[in-house]
């Protein structure tokens, strides 16, 4: 295991908040790359060919993404259209997955709902990675006061009870897809910052970086040409895992009515509707479809993330 | 002495084994199944070691020497390993043993000193515990007895204030100290044979000498056999009774130490000796490196494995693999069609090749053994070996 | 070591303080206020202004904060604007619920994850391992808001084994209390099991390849001894760190489960209070949550110093 000192490195000891914190340092260690040295570890840690499960996972995610993108073009009934003649209809030719208690087509709602999950999921992580990741990359390499203060900030943000912030901001700002994405995106910043920083730090003291420095490379060149390519695998893998987490968070918020407002479909509020008003008894399909879809999507994303992690030989990160 | 555990306890009589040797390795092969093919790391090795003697096994990285050491003990990974051949130790066949029986041998009769003490010691366990573990397991000591013994062991390996240090963690010690602790652990239960795998690599030169001296002293006291595995000829030069030179998974030369240095037969061995830089050489002297790289052990070449890198290579060498044989003295084995005799290659048409007796060889030999004659003839003695045979 | 821990304590106290300030600002800057909530949006602005002044909300923010902080140090957290329930009372009835949820769910999580990881790390990629891996991924794909309604439907409504709602304090009736808390705890525990299992298993596999494990084997130690006495401890560090983060997230994150099972925990009260702009309740509960988080980190750090000798000595 990398030495704790490696992670706080040669940086000057800063004020209170960022002294060596073994707990947090160990957390950061979790995603730091570890080289496999022997023949044995290759076999045991299974750099095996991407299995059937992986391709299934990739297939499912691709399917969901494609359907979500093409939603407008597909021959789907309007997801919010309430057809009073077909309330709680069972799956049929007209409604492939049936309808809900307000007569809305479930397949259509499912696909449009996928948009919400995907956009919030990937969008917020993209934002978090752009901001948090960049900060972490630079901070890990540079160190010094910048690093110390950013760490302090990240610690406080992580300690902050996020629900309060989310609810408050949603109440303040309003509920829309974009706003939800941004709010959750901001919440992912400290997490992604920490992970990318740990990775960047682990490379900052390696010989090839020192060599580049002695050759006269500027800091920005070193950061972007030497360190960034090495950090990318960790970032991508962890980013993917974070996407899964965000989808869960958005689902939870939607379940409580705090995400995109009804009648817009999202998997979270579909599940919420499906579980209330006795719908579970009268029409379990309302809840079943989004549960299955979300289950498969989360499973797939986690599987892909895990395979990537094995490929890049990254120590198990926080999921 | 009885041992604990397992269905069947093993007896280790003081009498030597059938063949009269403490350790007999017969035709040992060890291969690893990998994605790219089967790597034949040890490809037919046989030798013996007697009580109280020191055997040196020398070879460059990739020669298979570490795998050999572990294979002899049986300390190999659990999957994708193919091992054949036999290893007799003190009258028992290690290769035929159940894991439970092997565990009675390991640590108690046969132990290993690992290369890198920083990684071979458990970083979060006190060193005392790492010593007393073996004592309590094999010798059934109780806690206070084990502690006292551990303190004594630390003292014997030269660690100051052992009563205090016994509670220390590995990271609190220097490299040399850690290696001494490793020796203490390996010797704790008074094994009959100790396998030292690169015990001094990574240590300062002065510390190296101390460690090796310590090992030699303890060996003398306990009448132990030691196998020194190393890439460094200098390590075994003054300390081994017999030396095995390994290349590409095989033994290519085997001789008592003096003979090896004075009457080298293998070009490879000579090249190894040549490559040792000498303090006495004038500055600016080029290093003699052996050109080329060790062969692919998945698909080894047809003929002699050293042929691609041998300065005296002949067609015959590329065609057929020379067997390990003796000529003259029965304890000097070599595997070469055109061995060196008195420093000269017996290969025909070697005019252009630098085959003058390397001064290094003579000088090294002199350092090693006192008062031996340093004269090495240049063009005498008709070869009684080698040469084309029908 | 004592100095080190004291220093950490101080750092963490500062963090708690900062959080209290941030939350204060956050809720006060929200549109709407308790007066509006209490009187309803249709009441006259005059009445609203009067109530506003009565509640002391017209004073400058800094003054409001310092007043609050001082009264906190005197042990008075104020009361709800809406029903005048004392904040201290809300907290004191709420925290046992959260604590219990966390304890039960984490105990179950460790009790499942650790043994399973110990078993599967010895033989990776065999059937048991593959099944466990898929199973735990499945658990990750079933968040609380999905599992809870399903469990309620099956176990409460369908089989009548457990109640869908209801809570009896532990001190009052331990048996019923535990019985009622099982479903909510299970809803939370799945994610934790998955995280801990995968982390511990992965670390064990890595540790088992270290040199010192081979050396331990060469001493003749049995596999079981090696697993428990050599491999367990070094592999547990990241598990400990992850537990810190996971539980930290759970401290405030139990609120979905509280909502679904009608438990009057801090999470639920907090969300309700934010919605109702019940400032004092929000501030009080947040302070408690922040302190709990900080104490948790401190405990984890402390355990680290015990478990990893390198921490304070290097």
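Points worth noting:
Should a chain be cited, it is by its letter among A, B and C, assigned in written order, with residues numbered from 1 in that chain.
Just so it is clear, a contact is a pair of C-beta atoms (placed from the backbone, for glycine too) under 8 Å apart; a residue touches a chain by one contact, two chains touch by 3 or more.
If you're wondering where the values come from, they're calculated on a predicted model, not measured in any experiment.
Of all chain pairs in this entry, the one linked by the most C-beta contacts is A-C. Think of the whole protein's Cα atoms as having one middle point; the chain whose own Cα middle lies nearest to it is A. In this assembly, the chain whose C-alpha centre lies farthest from chain A is B.
Between the CA-based centres of chain A and chain B the separation comes to 53 Å, rounded to the whole angstrom.
Distance between chain B and chain C, defined via averaged C-alpha coordinates, is recorded as 57 Å.
Remark: chain A and chain C have CA centroids separated by 21 Å (rounded to whole angstrom).
Listed for chain A are residues 40, 44, each touching two or more other chains. Annotation for chain C: residues 234, 308, 310, 314 touch two or more other chains.
The touching residues of chain B, when paired with chain C in their complex, are 5, 73, 75, 102-108, 111-112, 114, 116, 119-125, 133-134, 137-138, 169, 171-172, 185. Of all the residues in chain A, the ones that touch chain C in their complex are 1, 3-5, 16-17, 19, 21-24, 26-27, 29-30, 34, 38, 40-41, 44-46, 48, 53, 155-156, 158-165, 167-168, 171-172, 244, 248, 251-252, 255-256, 268, 271-272, 274-275, 280, 287, 291, 294-299, 302-303, 306, 315-316, 318-319. Listed in rising order, the residues of chain C touching chain A in the complex are 7-8, 10-11, 14-16, 18-19, 22-23, 26-27, 29-32, 124-125, 134, 137-138, 140-146, 149-150, 153, 157, 194-195, 198-199, 201-203, 205-206, 209, 234, 237-238, 240-242, 244-245, 248, 251-253, 255-256, 259, 267, 270-271, 274-275, 282, 286, 289-290, 293-294, 297, 300-301, 304-305, 308, 310-311, 314. Of all residues in chain C, only 210-212, 214-222, 229-230, 233-234, 307-310, 313-314 touch chain B in the complex they form.
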